[in-house]
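Take a look at these structures.
Across the two complexes that follow, chain A remains constant while its partner is chain B and subsequently chain C.
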Partner chain A sequence: MLLWLIVGWVGFCLVPWYGVEDGFFSFVWLFEGYPFDSDYAPALFLLFQGEKTWLLPLVLFLLGPLQAMAKPRSDPAHARLLIIYGALGFGWLIAQGFAIGISGWQFGWLESLFGPLGDRQFGMGYGAMLVASAFLFVFTQGIAARGAVNGDIFVVGAIGFIIAIVTVFVFYPILSMLSSAFITQDNAYSISVFFEKFTDKRLWGLACLSGGRCGAAWNSLVLAILVGALTTILGLIFALVVTRTGFRFKRGLRAMTVLPIITPPFVIGLAIILLFGLSGSVTQFVADVFGIAPTRWIYGMPGVLIAQILAFTPIAFLVLIGVVEGVSPSMEEAAQTLRASKWDTFRTVSLPLMRPGIANAFLLGFIESMADFGNPLVLGGNFDVLSTEIFFAIVGAQYDQGRAAILALVLLAFTLAAFYAQRFWLGKKSYTTMTGKGDSGVHPHLPKRLAIPVFAIAGVWTIFTATIYVMIFYGSVVELWGVNNALTFKHYLTAFSLKMGENGLLWTGSAWDSFWTTLQIAAISAPLTAAVGLVTAYLLTRQKFAGKNAFEFGTMLSFAIPGTVIGVSYILAFNVPPIEITGTGIILVVSFIFRNMPVGVRAGIASMSQLDKSLDESSLTLGANSWQTFLHVILPLLKPAILAALVYSFVRAMTAISAVIFLVSAEYNMATSYIIGRVENNDYGLAIAYSTTLIMVMLAAVGLLQILVGRTNVGRRLDQSRTNVTAHTKPIG
Partner chain B sequence: MNTINKTVVALVTALAASTSMASAAKLTFYCSAQEDWCQSMARGFEEATGIDVNMTRKSSGETFAQIKAEGANPKGDVWWGGTGDPHLQAAEEGLTEPYVSPMRGELNDWAISQAQSAGDKTIGIYSGALGYGYNEDLLKAAGLPEPKCWKDLTKPEYKGHVQMANPNSSGTAYTTLATMVQLFGEEGGFDYMKALHKNINQYTKSGSAPIKAAGRGENTIGIVFMHDAVKQAVSGFPIKVVAPCEGTGYEIGSMSIIKGARHMDEAKQFYDWALTHDAQSRALDVKAYQVPSNKAAKTSPSAPDLSSIKLIDYDFSKYGSSAERKRLLKKWDDEVSTLPQ
Partner chain C sequence: MTATHNSKAASVSFRNVTKVYGGDVRAVGNISVDIAAGTLVTLLGPSGCGKTTTLRLIAGLEMSTSGTITIGDNDVTNLPATDRDVSMVFQSYALFPHMSVLENVSYGLKFSGFNKAESKERALAGLKLVGLDGYDSRLPSELSGGQQQRVAVARALVLEPQVLLFDEPLSNLDAKLRRQVREEIREIQQTLGLTVVYVTHDQEEALAVSDRIIVMNNATIAQDGTPRELYDAPANRFVADFIGEANIMACEISAVAVDVAQVKLGDIHLNLPSRGLHSGPAFLAVRPNRVIVDVPGVANSIPGSIVRLTYVGNHLEYTLETTHGELFATSSDVESKLKVGDPVAVRFAEKGPVLLRD
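Moving on, here comes the complex of A and B:
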């Protein structure tokens, strides 16, 4: 309590209130007139100089909680005062931020009410941020003191924090963007504009049933269902091979399934064209041997489908592996003891227990396919999907933000439907398989009749993936892909050359700048993403509070919306005060956190729904608070989910393109946008060489993460980790 | 003690000096040409003036979307490169600043007339004629005659061999549509587009994609700007460039100063510099085959020679306006794209 008040006062009295143009952490502001220069002054100094007088009420709201602290916690007035001052302070901060912008009053009615304002303000800085968080936590502590969630300060604070950041960085930008669906050319609101654009036949046409072209909405829907189903099946197959067979090259297989998610966009598409395109090597081979005339069959749904399955199966795999491992062997053994055959056991015990994983994997595949942009762009042919249509509604020959917003709404509606279908399918059954009791035994191997097709499919797919990657590597070491096949390393040299200069090493390669930026941003955003995602998952599975469903959907929102829409909505929302972060690295980090957080949430939910609540309860009964329970009981059991979230967010931060393309700036250029520039310029060799390098870097990073996450449990707590519960605690069970 | 004090003072002054210098001469430069050309312009301007350039490269559509989104609080100073239509649109929506450069005397007439039609809010820096290119190997393999005119492309034997971009998503394809309307009249132009539609194997999203596909052997004929086709040929792909016999339209790559630019003086300095023949000759170093707007700038022998191509009198103010664009695109959507192929 006192801590947050101190934070608030520090933010108010010491830290610059407004954003610092040259970057806060350069600390240049310390030498340039701080604390009196109005650009760098903390709020207190601004007030002493008679500036920004609208910040004055904040003093009162920051003093108020002291009054509450004078009263005992049990006194209802204590809670009431905290809630009132927290809410007033937070509300006032937001209200003044929106009311007063770079050109004075932001709303006409305020100006007519108070007269013109001779002052203005820029985006809020770290001072304002500290004060805002102080108010937020004062408020949540008030709520907790009133007895919400059993008076649990950590849980209430966490809920408040997640709601606040999701509102600011997801709801606010997206809603402001989507509202443009109802805006006409001359900025008036109109429902009819919405319906006119909504009923467009380019969106809902069904002509493909009679030989024409179908609307983008149907195309996207069919494609997403297929991709969701097929990636889930393939992901499950790989998970079964890794966990339930005597397969010897598990590590190799794991690496192989991870490859596609660490592949920058466009590269898989290009490789598929080089194999199956009109002049592709496979096509030419088939034409020569069987005399089948080459066609352009790959352009359209088949190509996009293949590329997306290649790209998204690993995500399904990452979600499913934790769940498949988590199914309790003792239940399976119980079934077998009761004379069920291996096949019956699998069908009636193992498979139903995997349902949360299957449902979540399908949902992720569905959403990924809906929002995917790179593959349809390269391979789509005349097969239009929503994500590309949205992109070109914004950057195309006709700037039509309204149309983009409507397409985004349709896409969102599909996602919402899939989300509820998944909830409905899971129902209210319990999938808990991991309890505090010891669980002995090992997973049975797959029944024969399942093992053979599983191996066959996994094998074929692995060979296919391997071929694609060999092609990609080959493409990076030839002069000009498809035309001049002389081997060369010049693409790598152009991108990553080093020279010894007078002052040490010189990074002369053209790719270094974007490479280091990308690495830095990915490294910052990955742990933050995983943390936010897992805490959210914990709240969703373990706590009961009002509005939980809406909260859950809100956390999925930014993932379901294509990056393009996020990118544009971020520019619209965060280019003007109160939050002005375009052109900084922060906006990239923030967009990654909120775009990739849902994977952490999904993986966390899938794993946590397998953990018996009695684990938490016993920890709580033994006197631990919920934060300690989360840290020492839940977290160690979530290793696979943590790894999935970390790996995914790191990798996505390095390979994302559609949102990033709007958010990169001169100082913060990302690898992918650099690669796209090269592809546009025909430098396929350089683009692929850069991509190959990124793949290698990410492989190393994934390996490192695996070691790091694995090692956190070495030591005393190893005894409690799940793998060991399974292996060593037989006598107790 | 004394030395420490001195060092601190020196450090602080150095820091202060360096930051104040940095904030004094800076330029945020939005570039919509190819990456290396953008780099060359940014570095060239830095060398010529000592002003620090922050360059961001995005396609012209993306840059337009960004400038529009940033309208309330502009971040960029000058926007250089990219086809003229989005520049004209930005001018129409008041996102850019009028400026009359003292360099105008050295420019070609088409650059000046474009500037005047936009109320001096944009100016031509290069131009490129529309045309098409074909993959010689594929054409030979399919036993097809060499196309020479626009009308050739509608012949039935080219069915499934022609690619162009979707005019809804690509400025290049919109230029094609507007060119046909100006070349054959509105009815004739749309009849042409309908006939062409039967032969199209794919409407790509991006403007230069058809010729890149042709370069890789994924497509036979691509309708694009000729300098894009030349680039493919020079890169080593078996591409032949065609200037259609009926005459053709063209684009004017443009430059605009963003309204409310934070570094207005530097932006104008860049504007003047970018119109000099020295700056425009830089195109050659990066294999850009557009025709420069400065009469004295050097051109490449591989570049399409605009004087030998029959150019139509392209009406930029009419076909660059939002209303006409919307009307033509809607008509194309309703009457052409829905036809069976």
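Moving on, here comes the complex of A and C:
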């Protein structure tokens, strides 16, 4: 309590109130006129100098909670005062932020009331941020003191925090974007424009059934369903091979399935073109041997489908492996002792218990496919999908914000429908299998009739993936693919050369700038993403509070919106005060957090729903508060989910393209947008060489993370399993 | 920890406590009860009667919808579990699977301000108390069910809580172990002078361990008393039937004078404590071992015949068909020559029958 008040006062009196131009992590302001220069001054000094007088009421709201602290916690007045001051302070902060825009007062009546301003509103900085969080937590502590969620300060605070950041960084930009769906070219609101664009034939046409081109909406939907289903099946197959067979090269397989996620966009698409395109290696080979004329069959649905399955199967795998490992072995052993054969056990016990994982994996595959932008761009041909249409609506010659917004709406509707279908399918059944009782069982091996096809599919797919990667590597060391196949390192040298100069090492390679920026942004955003995602998952699975469904919806929303839309909406929303972060590194970090958070949430939910609630409760009755319980009991049991969230968010931050391409600036250029620049200049060699380097870096990073997070030993008798289970494979009698 | 009386043990009291789930499901309805410090009180009842909810209300895992709960002198009604000096042994034990036995037991100590060395010392002492010294570095999955249960008890005990709660702690143990563990729990409770609230649906377990039993049914208290009171003088049909077996028969109260009722049941005339009842039809309960099977024709009896006769070692079990319905009786006279079909006279031992209030 006191802590947050102190934070509030520090924000008000000590650090610069407005955003500092040199960047969030730069501290030159300390030496350049602080604290009196009005660019760098804290709010208190601004007030003393008679500037920004509209910040004055905040003093009152920051003093108020002291009054509440004088009263005991059980006094209703304590709670009431905290709520009032917290809400007023937070509200005032927002109101003043929006009331004054880039050109003075936003609303005419305010100007006529207070007279014109000599100054504009600047973006909020450290000071405003600290004060805002102080108000927020004062408010949530008030709510907690009133007895919400059993009076749990940590939980109420966490809920308030997540709601606040999701509102600011998801709802606010999306709403400002969607409001443009109703705006005509000359800035007037109109419903008819909306309907005209909504019923467009390019969106809903069904001509492909009779040989023409179908609408983007149908294309996206069919593609997403196929991708969701196929990636889930493949992911499950890999998860089963790794956990339920005596397969020896499990680690190799794990690494292999992770490869496609750490591959930057376009690369899989490019490799597929190199293999199956008109002059691709496979196409040429088939044409030579079987005399089949090369066609452009890969461009369109088949190519996009293959590329997306390659790209998203690993996500399904990461989600499913935790769930497959989490199914309590005693359940399976119980089934076997009830005279179920291995196959029956798998079909009636293991598989149904994996349902949350399967549903989540499908949902992720579906949404990823809907939102994917790189692969359709490279391989789509005439196969229009929503995400690329949105991109072209904004960057293309037509520049039609309204159309982009409507396409985004349709996309959103599809993904939300998938979300609710998943909820419906899971129903209200309980899938808890890890109870507080120590489980000393052993996972059975797969039944034979399942093991053989599983191995076959996993094998074929592994070979296919391997080929793709060999092609990528090979492509990076040839002069010019398909034209001049001489081996060379020149692409690497152009990108990453180092020279010893007079002042020591010189980073002369053209890619270094974007490379370091990318690493830095990814390293900052990954832990933040994982933290926000897991805390959200904890709140969703472990706590009961009013409006939980809306809360879940809000936290999943950013995932359902394609990156292109996020990118554009961020630019529209954060180019102007009160939050002015366009062109900074912060906007990149923020966009990554909210783009990738849902993966952390889903992985966390899937694992947490397998932890029995009595574990939390016993920790609470032993005197730990809910934060300590989260830290000491939940987190250690969630290491697989943490790893998944960390890896995923790090890697996505390094490989994402769709949102990034709108948000990069000269100062903060990301690797992927640099690569696209190369691709656009037909400099494939350099693009692939850079991509290969990124893949290597990410591999190293993933390995490092795996070591850092470590494994939690829950004492399953894994070593025993091999002897135990194989000994009984022969039928008795 | 001092012998016989623990200075920290505190009383628990409920005043008009109600818990409603989701607006209309009443799990606990307007309960008022006082649990004295240093006693072991059992909440007994069929599943769904509200006993576990009551326990969780004491723990702070549920918050009451209305009413006040006090522990010792403190009003804890709005206090969450963390801030109550109460610990609980769960039905599933809820041992943290990723921590060793020692880490599990010292978990709560860590949050109670003890330093590392002290926590370890206390945890080891706790393990010793439950007879698990030497097991401290094992993982819960490497212990048997009974051992896991003891770890759970030790984990709760070492905090020396004001109140210790047990949620059906023996339901996952085999019968022999159950008797042993329940005796150990009782012994530890008495030596340390702990206040213990214990939930079970097993009436034998409740009778064996408790200072006092609170029988619950349909979210309310059906009866509250010592094991002997409950067994010998059940307040109503539900308690009579739930605790031990009982024959419940319709009878007629012909007159009541100074708390003594004249009861008529066929040819049997009894003078019983009236327990606030008035003249008119009533019910009376008789324990099977208080039903005497006698030769036909004795005074103050009703006629019947033997339908079933079972020899179970230390006694005989009779099922009798009488003019007042089927009765179940036990007799320690295993040498009896009676056979199925024999006509008999049924009478009641003195102090046997009890009038039921409803």
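By definition in this document, the second predicted complex is superposed on the first by the 701 of 733 C-alpha atoms of A that agree within 3 Å, B and C clash if a C-alpha of one lies under 4 Å from a C-alpha of the other, contacts with A are read in each partner's own complex, and residues count from 1 in each chain.
As a convention for this text, a contact is a pair of C-beta atoms (placed from the backbone, for glycine too) under 8 Å apart; a residue touches a chain by one contact, two chains touch by 3 or more.
All values reported here derive from a predicted model rather than from experimental measurement.
K.L.:
Since both structures carry chain A, what do chain B and chain C do when superposed there: clash or fit?
P.N.:
Once chain A is superposed (C-alpha atoms), there is room for both chain B and chain C without a clash.
K.L.:
Tell me the contact category for A:395 with respect to chain B and chain C: first, second, both or neither.
P.N.:
After superposition on chain A, A:395 lies in contact with chain B alone.
K.L.:
With both structures placed on chain A, which of the two partners, chain B or chain C, ends up touching more residues of chain A?
P.N.:
B
K.L.:
After superposition on the shared chain, which partner residues are touched by A:273: those of chain B (first), chain C (second), both, or neither?
P.N.:
The first partner, chain B, only.
K.L.:
Please indicate which partner A:72 is in contact with in the superposed arrangement: first for chain B, second for chain C, both, or neither.
P.N.:
Touch partners of A:72: none, neither chain B nor chain C.
K.L.:
Between chain B (first) and chain C (second), which does A:377 come into contact with in this model arrangement: first, second, both, or neither?
P.N.:
first
K.L.:
Kindly classify A:618 by the partners it touches after superposition: chain B alone (first), chain C alone (second), both, or neither?
P.N.:
second
K.L.:
Once the shared chain is lined up, is A:626 touching chain B (first), chain C (second), both, or neither of them?
P.N.:
second
K.L.:
Put chain A at the vertex: what angle do the Cα centres of chain B and chain C make there, to the nearest 10 degrees?
P.N.:
170
K.L.:
Could you grab the smallest C-alpha gap between chain B and chain C in the overlay, to the nearest Å?
P.N.:
Shortest inter-chain C-alpha distance (chain B to chain C): 46 Å.
K.L.:
Residue overlap on chain A between the chain B contact set and the chain C contact set?
P.N.:
In the superposed arrangement, which is not itself an observed complex, chain A uses no residue for both chain B and chain C.
K.L.:
Along chain A, where are the residues that touch chain B in the complex?
P.N.:
Residues in contact with chain B: 22, 28, 31-32, 102, 201-202, 207, 211-213, 273-274, 277-279, 296, 299, 377, 380-382, 388, 392, 394-399, 480-484, 568, 571-572, 575-576, 580, 582-583, 661-662, 664-667, 669, 674, 677-678, 680-682.
K.L.:
Looking at the complex, which residues from chain C come into contact with chain A?
P.N.:
Answer in residue numbers: 59-61, 63, 75, 78-82, 84, 86-88, 90-98, 107-108, 110-112, 139-143, 145, 148, 152, 155-156, 159, 165, 172.
K.L.:
Could you pull out which chain A residues touch chain C in their complex?
P.N.:
For this pair, the touching residues of chain A are 74, 147, 150-152, 434-440, 612, 614-615, 617-626, 628, 632-633, 636-637, 712-717.
K.L.:
Show me the residue ranges of chain B that touch chain A in the complex, using the header's touch definition.
P.N.:
Spelled out, the residues of chain B in touch with chain A are 12, 15-16, 19, 22-23, 28-29, 34-36, 54-59, 61-62, 64-66, 68-70, 72-73, 75, 85, 89, 138, 160, 166-171, 173-174, 201-203, 205-206, 208, 212, 215-219, 231-232, 235-238, 322, 325-326, 329, 333, 337-338, 340.
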